[in-house]
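Right, one structure below, let's go through it.
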């Protein structure tokens, strides 16, 4: 047992990487839910993004094009959800679960020729000067571009939701779609766009796993990350900054757990594996008194003639 | 009565299904726990199935069902194959043991083969591979090549097979490098690429420069490649795409010879229930190419060790070996019996840490 | 342009026609998929829908439909009560696991005593276990106002870890050579949820599912509680004036759903599955949510939807092993069926009209 063998800076650096896929997916879902739509199909969209990104990156030789394709693949799958829930007015919970089933099947079929292939490597950004800062340099400035994209997205979504007109409209649609409709906003159009954005983000998160974090393609490789992303959104009480915090916490508990084991601590692994979920419940309880609640129209079907 | 009619037709059809053995074309079924595209465990079993098709041509027909959940669904999948006239059915995961036993009792004329289990019937055999022989070779190479004297081990679940592998690798690393230390992470999953990558990274960050894995994805290989100066071994399949570094060798499950032999036995009518545990000698466990990243003398020693096991001259668990708590397990020159190995639930002396639970 | 116009009443006709329409569309789209994979589409569709019911081995598959469908129906019935009242329990999978653990735990504790009392005790323990697990989101919701969707979902993961811990630890079969997994309850007569009539697939779980359907039907149509549930879902404010106590409703709906899911888990572990193992749960709790919606939250609808789901599972397996269709294609096919069923439902509640410009 040797705590000293765990290096805090390396631990924090791995945490940044481990948090990125769930961060990306959760940010997308945050926007969707803020628009009043509950899409439980995150896992399906992530895995579809994972294979689309992987296949395109392998064939084109460019991870960048792969990520674009992943966002596209996620968005296309999300479009199905949008058609179901916004046009055909189907129940969102059931549609989201069906989307996950569909996405898992689709991805396995698409991925049949891609098992055992190595994708083109993604270069780490070498940031001069900043990367040489002791401690912080290793923790913050030694990653690939997608990590920074995730962080930038946190800032962007926070700003858009809080200060921009588009964000105001989005929130209005999520809080009270009838009132938003009465004010002349295109509720369905706004929601469809939010759903597509959510799908694209989930796709990026999936591709981060298949192209950078693992990197390989195997069926079912997201292994439940989409569900964790869903949990993150609620954990964060629908706030972008807290999503980041939550993603680090979730990523952190896993990474820390593995590090403690490697350092020889006899920890009850199966009980520790429960901890992120128990912590989420605890946070939900603590934050329940907070003003920030779920968007009022979340999960409700909107029909204009009502 | 409708119900009685149903039951008689059931009995009739069961009889029909079991007489299907007499048909000219032999039908062999496979029940897989994962998708055939998993690149590891199921992938290798499916290679065995394809080998049967290639070897027997039109004489044999194979069928399979992938991603079968354990429990009631497995029982239905196996029954269905038996009903459809399969003569021989391989169920390729430990979790299929109880369902396989249940179905085998109902279809006495169909032959069943269950991988890695311990329950047999007159028409149910078990087969498993002595992967620990491969682990011994890995341990030897690891002990010779590590510079930090720290070997990282990504384990799945605390079951005998995994514990056996850890012990075999440790004993042989220790033999050539007394300073060796094993750091073990229990991932509590067979397959979660992201978690495996994190586990490998955690081990490397804590100084390990050799990573051994008992999980099925190539994620640890990629993590090692990224880190540089870390060597790994392929698990379940060759993982050749990571040659020559970090992957310096591998343990390959080669089920083809066994599957072909058992299919032949059914065709010849010589199939008998048995419990086999085959290793390097029968080709069920293969050591993948040792790359040039391994120094020539180490490579030669590793191959000699493999040869000794193949010829039955050497057993990886040969005394003196103590248990972790210091109590004696095997005396000088004593060889472990299969019973103890099959149920192994203790570390050998020198490994630090505890097996979970 | 086409426009949707809400019907004053859901259409009786379309309620019955839409599921059939969805199945037909799925057959067409699925056929195209199978053809694209190089398989005979007609044969594939026939294998999935015909073989289990009327094929050569239907005598075996028909009972299997009950075995596969029963837990889905049992759980979905419980969930539908909450869904009608706007209470979103999506953690039935966790309640199912915990019910199985408590039920099996009682059985294993008595091993090897034989007594007719053991099985009823296990039933009770299973229901209680599922109920208790569902009470966590219920109580947290009432006491702190937390969102039950998330708490119940989080508890699924906790339950899965608990299951792994139990299968590897306290409930491990002492005669199992160190392998994970409990004793086989099917070999322990007092704890075995056996077939009641051989060859029919009828075990106590199937009986319980049928009872639940009838019970839910009576509750929703005849009992004031059922009226309160429906009222709360349709008009929460009116419900309050009508004297509905929301807190009580949350407790009743989540509790019932948890107890039924726990029962389903208990019947599964003591019968078809036989033992507590690491991968005991196969997603019944999540699939049941889909079944509940496919059945339009109506007890009889759920009964049919559960059997339909079971049919696609079993038919899909036959297609896999007989025709070499990949499992993924079957999964995709099921996804399509659900999509179309959900999509065409719009015709039940809405009329499609050509839109005319209205002058305000």
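Note that the chains are named A, B and C in the order they appear, and that numbering of residues resets to 1 at the start of each chain.
In this section, a contact is a pair of C-beta atoms (placed from the backbone, for glycine too) under 8 Å apart; a residue touches a chain by one contact, two chains touch by 3 or more.
Bear in mind that the values here come from a model prediction, so they are computed numbers and not experimental data.
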Per mean C-alpha coordinates, the chain lying farthest from subunit C is B
One chain pair leads in contact pairs, namely A-C
Subunit B and subunit C have mean C-alpha positions lying a whole-number Å distance apart equal to 35
Here the gap between subunit A and subunit C, centre to centre from mean Cα coordinates and rounded to Å, is 28
Residue ranges of subunit B touching at least 2 other chains are 35, 188, 356
Shared-interface residues of subunit C (touching two or more other chains) are 164, 168, 326-328
Residues in subunit A with touches to at least two other chains are numbered 108, 112, 219, 268, 270, 273
Residue set of subunit B touching subunit C in the complex reads 3, 6-7, 9-10, 13, 17, 29, 35-36, 63-67, 69-73, 75-77, 79-81, 83-84, 94-95, 98, 102, 118, 157-160, 188, 342-345, 356-357
In their shared complex, subunit B is touched by residues of subunit A numbered 5-7, 10-11, 14, 18, 21, 108, 111-112, 115-118, 209, 213-216, 218-223, 225, 254-255, 258-259, 261-264, 266, 268-270, 273
Within the complex, subunit C is touched by subunit A residues 38, 40, 80, 83-84, 88-91, 93-95, 97-99, 101-109, 112, 219, 224, 227, 230-231, 234-235, 268, 270-271, 273-274, 277-278, 280-281, 284-285, 288-289, 294, 299, 303, 305-306
The residues of subunit C that touch subunit A in their complex are 4-6, 37, 88, 90, 136, 140, 144-147, 149-151, 153-155, 157-158, 161-162, 164-165, 168, 286, 289-290, 292-294, 326-336, 338-339, 342-346, 349-350
In the complex, the residues of subunit C that touch subunit B are 56-57, 59-60, 64, 67-68, 164, 168-169, 177-181, 184, 186, 197-200, 268, 271-275, 277-280, 282, 314, 317-318, 320-322, 324, 326-328
